[in-house]
Every structure is written in structure tokens, then in C-alpha cells.
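Notes to accompany the following structure.
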């Protein structure tokens, strides 16, 4: 069987669910999962479908054509189609912190992630030995004020060469260029080491310590032009006390960061995240 | 508009979703929410629909008739229909602990619960003053070894008189009779003061303390013949340390109990819980 | 036995613990609990002691005198002494929300809180019936732009008359005056319905919804001149999803607010909170 | 400065804290941290001290001698002394699961753990490549019914050769021999993949799925003769829903297991865990 994931987004109106499910049936498809959400305030409709079709007779192109004909205009619908059997290509950007990298790669080697990781890009040479031990090409591209433009071009070229579908910033300590954000809108996942919107920007653990909070957090979000203000995919928290130093905050935070980031990656690769109005619908 | 909730449960097979959504549309209904689940292991299908119909033309009886005709046989389907505007009648059973009772009644008086509470039944007179302050009839029915049968008959009579839909045991410290369980299958909600299946039966906080656990819990479940083994609706936990005494466990546990029980009540009244194989599907 | 709680705060230096414990022993006291903390960054020392003395021979005045003589100067020590058997007097300030009030009063009636509640003050008459059912005097003091000064004077007068030790703002929707804050420095406990420092000020649930966070929180803190920026005593969180409306946020938040506020009250009344540099040391 | 950790355990009686702190001061030591606990039910006293001494004049042997003289008899005291600068030697036992191993080793390489890992022992050859990439000797010791005794002897010999202080079973899927448990009483840390005491023994995720729980957990404990019944060091949990399959339970559980196990290792190596009556006092 061929498994297809369809994501739909349009203004809410009567009859969408029935029309779409009916369409799938007429294409001889079987709906395996259906998730749906309506934002009542903004009257927006969201749906995620997993459908199965007989491999012999199913053609993605034909399905897309028929789907577009039936719905694109009628419901003014945005939709995306994914072949569930094709693993997306994920590029990792890292700097010097190794915890997220190790965590992602150990999941990868245990076949826990439905992705292909064709390359790792870093602005530091420090973590190359880890990439090597997992047999993944590691590109050290130095980023300084002067080389920033050249570095970005090099990054983009690599991403194109490797046909990268989405990017994960696994504690990559650099601002991402507008060009890259534009090319990969809602396809760059960052992990920020605070419970956003509290403590955006640099040194959030220091700020959290200074403020005397009793809970710290981590936030995974899609990168937008506004630093740490993109659509939030996943968050989690852990307790801290007055006995914890900033160093303790950082250590506890590392565990949060790697777990939260990996959850976001899984949600993204399973096509369970839909973005609108700088927020996410996350089907779980 | 008339809002109807439909719960469906049958063996999984191709085309159910499309058939049902199509049916709703043909009845001039609009599907507002759809939740669906397939248990792949047992090949069981579950669906919850919220639909809206024009009040003027809609008849529950006619809908039920048409639905039965279309599906009952074809898919060997179990289904239930609820009018979303009719609040179910909930009886409270209490003993001497007041925390769950106060919590439920304060939510009730703040219109947080979509129920009617026609009566409170207790095997002790202690909490009558609370019932009084909320203007709810309180029936003190003493339960001893000798009076058990008489007491149960009296309880059943009251439940019938008040047309009670479901029962909440808000720390009612008595075993429920088979007759009552049978009459209210999957309609008696209990709160057990442990993280089931750990520590079933009496004095779970004492057992948890003895075992030296670092986390305690509370579990809300439907009552079955097997003590503390019914289908779990909701659970939650809180941390404890070596500094906590049994008394601390009990105090911390009270907060868990009331929160978990109220969540279970809300899920039940919104028809979001479906039971099968001694487990629950909880649509959230 | 007489039980005494001593809180100590001074610059860190060698020998404090040994000196103080030695002193207690020489006063024929037995140390039942000792908690200590050093802030290495600021070189501040904190200690909480619970000690027992023979009732017949112990005099608080004598102890204080001896303590002052031995330590106040030598270590430049701030210290406070509490008789563990005297329950502090707690005033409740409320507006229209009832969930925190019910929660606190039901704990109070179950003897869960080691306080006396001599009065409830409100800027609305709505919750008087609840105060009545618990037999606690309820003072409705209207607060408008014009009456603000008069209202505050009346509040202060009542607090003095009832010899109130500390104040709990149980969702009191008014800014507290500087005079009151000054008189009750670190003795006014507020519950803010967000995970501070995220979403200070008005309508935090609306802001949280707008931002698309996946977790909401509540924060209990001491009130200072800077709105929602006082020392944090306790925080907790709960998960939300895209399916939750603002109304859901508010309902989920209510459960957080009441639990977090009651934890803060307990910590305060057990003298487990020490304030410095706008942060708290919370001994648990 | 020389930093020393002292753990004390004895029957509770008046004056212990003052006596010990006084003793430290007379030895010209400075108490940096003090943690203390009294089990009121069993009248047991526990204390953990961190003290600093001038390196030039301090002798561990002399200190131990003086300490024993002053307290061992007087208070019938059990006590242990640790040089905070000496890292304990930790042996890892693994089978085929790699998540805990990767997690521990990545922390180790980031200098997050205050241990030395001289060797890894496994009953399978599968994870040798991971050990190699971290340059740690890997001993593959096959364990079958017939070779069990020989294998254990070999294990013990290696542990002695490498002067191992404590053992971590990082999902080692074998029962540990009585001899090993005896030699390393309260020095073998296991991670069990359930929220003990629920679901001890084999296949806990399957049992949890079957029971329909809404929360799963992981438990780290010291190994005793009674399977999964040793003193609990740390536990944590995560939510599951009806949509999760057993495979999902296992994946979610892996994240719990590695986090909980690493927390237990850190607590143990910082000498923050004291065992009595099959429970733990964990100073945090």
C-alpha cells in the first residue's frame, strides 16, 4: 500500500470534511487517520489525513491534479501532499555544544528518526569527531563579520547540493540570514534555551537565575526574521531551586533542550505541524 | 443551531469515515469536530463527531432512525447520540473527606461543570453543612454490615427518583454493590489516591511511603467489579521527598485527587471518553 | 516542649554554623531541623533552624537577648525568631473570582493551613455569601479612582484592628498602594496568572494564546512596587494545545492558580521563605 | 583547600548537630554545606556535610581517627568519609539498547559526570563500536545458562582489576548474581523502565499498554536480591494517550530512562544518597 499524508488549510465553511473524505473514497483511498481543527476566532480550518492507496494503480500526480481540480478553487484551499515513505533530508547546524548533536545522532543510528541526515554544518571545527564516528560529512564554515556573506552562500550551496528539505539548529549560536529563512520558511527548527517568551536572546539561563524563577524551560520553534519569536512547536520545563547555580541551570537545561528539540523534529517529520498566524497546530 | 454529539465504535474497515461524514452532510448537518482513533492491534475503530443542525427541521428521533438504518447493520456499529444542550445529572457520593466535594461544588457554582447535581449521598452526616451552603439535598444513608442491603436499595431508589445519569465517588470510602455497578456500567467515576496499578486498595499513601517512592499519584477510573481495576480515565502525579511524612503525602495527594477527579468529570460530561477492553479512548 | 524557628541571614564567613549550633546547645535547646544555604556568587549565608526547649525554663526574651549579644554584631547578622505555636493572622483580599477563595477556605476549614483568617476584604460584594458560609467577616470596600485613598485608609485600619500579620491577594484585581506595600514588605502574597516573567500585567491568558505557547503557568510572589516583578515564591505549569481556546486557558489556569497560591501560603506560614536581592530562598 | 564529604547515620538524639559541627570547627574545618534529616517515625538521624580544610595541615587519616574517637561509640554512629576531589570509578553494564549508553558517554565526554569510566561490560557484542568511539575498553562476556557462573567470575575479576567503585546497569538485560550484589551493596544502580512498584519484571511497557495507563514512568534504584524492589533513587514520568502504540511507549520511555538514570548517577557520585530500610534519603 502507498501511504499519503495530506495537509489542508483554508477558511472554515460547511461541508469541508465530508467533501474531502468523500473525494478520498472516490479515489479508492482508505483514510487511516484524520485530524482536524477549527480556529473559531479566526474561522480557519485545518486538517491532516493519512490515506492508503493500492500501489499498483495510484499516481501522486493524478491525485494532485484531481485534488486541485476539486478543491483548490472551490474552498480556496492551501494543501500539501507527502509520500509517507520518503524520508525528508535534514541538515544539522551546530557550534560547540555537543549534547543536542549526540542526542539526535544516537536516535538517528537507532532508527528512531524518519529522516536522512546528509550533512552537518558548523561554524567551529570542534564537533567534527562526532560527525565522523557517525559517518556523516561535516562542513566547517567559519563565520565572522567579514566572511558572513561568503559563509552563507557556501551554506546555501551545500543545502542545495544535498537537496536538504529542512534544517535543525542544534544549538547553532549564529543569527540565520534572511535569505536562508526565506528559502526555508517554516523549515528551520531552532531550540531556544528558555521558556519563551520569557528570556529571549542571549544568556537566558543567566537571566532566569537573576530573576529567581522556580522553573526553567526550553522552546523549539520555527525560525523567522524576528529573533526567538517564531511559531512555537514544543516546550517543556524543569524545576530549579535556590540551591542551583547558573551552572546547574545550564546542565538541567541541556536535558530539556535535547528532549524538546527531538520531539519537535519528530513532529515536523511526521507532518504533524501546521503553521498560521505565527502559531502552530500540532496534531498529536 | 442544534448541536449533537455522536460516538461510534465498531470493527475497523475501509470507508467508515467517508460513509459517516457523507451521511451527516446528507442530513444537512455540519461537522464541527471530528476525532477518530483506530486500535491497530485489535482492529477497532472509534469516532466522536460534533455536528450542528438547523433547529427548525432537525429531529433526534428521525436522525437516530436514519443512522441506525444506514450503519447499525452495515458496519455492525455501536453508537450513541447525545444532545449537547442537555446537561447530564450527576450524583455525588461522599464520606468524610471534604476536599473533593468542596472542589466540585465550587466549580459547579462557578458554572464550570456542564452538569446538574440533584443530590449528594453520604454514609456519614459530617459534610451536610457543605451541601446546605450550596443548596443541594444531602441524604445521609448509614452503611453497616447489617444495613448494607437496605442502604443500597435506598441509594438506587434515590438515583432513580432523581433520574441520575452518572455517579461520582468523591472519596466515598465504601465498596459499591454489584447491582449499582451493573445499572451504571461505565457511569460511576471513582478517584483512587494512588498511581494505579501501584498501590490499589486501602491506605495507598502509607504503602507509597513504606516503599520509598519519589512520586505519588492519583487515578480516576470507571468502577468495575474488580476493585481499582476499572478503565482509567485520567492520572496525575506529584513529587515527594524523604522529608515528607505520610501526613505530607496525604496533603499533597488531596490536591492531586481533586484536580484529577474534576478533569475526569469534565471529560465524561463532554462525551470524550469511550471504553473498550477495560481501557479508555479519551479524545482531547 | 517549646518550638522556636530562627531565620538567619548574613554575609558568608567561616564558622557560622558551628557558632550558632553551639549557642543553641548552650541554651539547652535541641536542633530539630537545620537548613542552610550559601549564595556563592554574592557570598550570602542563610539558615533556618527549628529548635526545641523545655517550656518551664525557656524565655523568648532572654533567648533573643542572648542571641543578639552573641551574633548581631559579631557576624553583622539579620535574624528573626518565631514561636512555632502561634498561628499568624492572614487577611484575604478578593474581587470577583471565587476559585482561590473557595480553595483557601476549604483548606482552612479542614485545618490544613496553620493560620487564623480574621477577615476578608473585597472591592466587590459578590463573594460575601462564601465568607458567610465559613463565618468570616467580609468587608466590602469599594475602590474607584475617587475613593482610592479613602479605601486604602479603611483597609489599613482594618488590618491594624485585626492585627493582621500578612496579606494574600486571592485574585484581587487592584494595584496595591505603596503605603500598604511598605507596611507589609515581603508580607503580601500575590498569585499572577502567568509563568512570570512571561506575560506580566493584564490579560496574560490572552497574550499566551496570542503567542501560541504550548505551556501556561501561574506564579506566586511577594508584592513590590514593580508590578509582577516581586520575589517569586512558587510557580507551576500545565500543558495547552491548539485545541484550547482562551476560555480553556482560563479554566486550566484557575486550577494552577489555586494550587500554586496555597503552596506559597504554606511555605510562608512555615517560615520557609527568605527574601534577598528580589529572589527567594525556599527551604523544602 | 581540601574538600571532604561526611555522611552520618545514627539513632536520633539530642545534640548531634551541635557536637559534629563543633568537632569540625575544632579540626579547623569550615562547613560549606550541611544537610540533615530526621525520620521521626523510626527516630533515625541522617547528615551530610561538606567541609573545607587547609591542604597543608589536613590528614584524612588523622581526621578519621579523631572522628571515630569522638563519635563512633558515643552516638553509635555509622559514618563515611569521601575526598571530594577523587572521582569514583564507574563500570557500565549494557546489552543491546544504546540510548542510555550514548547518553552517559556523551555526558562523560562533556565532563558532566564526576566519574572515571574504566570499562564497559556487555553480554552482547553489538555496542562495541560505541565504546570504541569514546576510547573505553569493552568486554564482551557472553552469558548463557551454562556459562553464567564463569561469566560472573570474569566480571568480578575485571571489576577488581579496574578497582571499580560502583556499577551502572544501563539497560543490562540480565539478573545480577548474589555475589556481585553482596560485593557492591548499594553500589549497583539499575534503571527500570516502569514507574515502580507498578509493572516490575519483564516487559513493563507491554503491561502498561495493556492496563491502559495514562502515564508511564522510569525508576532508578539500587539493586538488591529482590528484583526491582531495591531502594528507589529517582523516578520520573511522561504522559501517554490512547493514540500511542507499544512502540510509542518504548520510544517515550527511552527518553525517560536516560534522563532518570543520569540523575541517579549524579546523585550517587555527589554522595547525596543515603540508604536505610530499603529507602533512600536524597539530599538535593
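Going in written order, the chains are labelled A, B, C and D, and every chain counts its residues from 1.
FYI, a residue touches a chain if its C-beta (ideal position, glycine included) is under 8 Å from a C-beta of that chain, and two chains touch if they have at least 3 such contacts.
Nothing here was measured: the structure is a model prediction, and the numbers come from that model.
Enquirer: Taking mean CA positions as centres, which chain lies farthest from chain C?
Expert: Here the answer is chain A, farthest from chain C.
Enquirer: Could you tell me which pair, C-D or A-C, is linked by more C-beta pairs in contact?
Expert: Top pair by contacting C-beta pairs is A-C.
Enquirer: Could you tell me the distance, in whole angstrom, between the mean C-alpha positions of chain C and chain D?
Expert: 37
Enquirer: Please compute the C-alpha centroid of chain A, do the same for chain C, then give the distance between them in whole Å.
Expert: Here the centre of chain C sits 42 Å away from the centre of chain A.
Enquirer: Could you say which residues in chain C touch two or more other chains, in rising order?
Expert: 241, 243, 284, in rising order.
Enquirer: Touching residues of chain B toward chain A in the complex: what are they?
Expert: 14-15, 17-19, 21-22, 24-25, 30-34, 36, 38
Enquirer: Going by the contact rule at the top, pick out the chain A residues touching chain C in the complex.
Expert: My answer: residues 37, 39-41, 195-199, 211-215, 217, 231-237, 241-243, 245, 277-282, 284.
Enquirer: Can you list the chain D residues touching chain A in their complex?
Expert: Chain D reaches chain A through residues 98-99, 102-103, 106-107, 109-110, 112, 133, 241, 243, 251, 254-255, 259, 262, 284.
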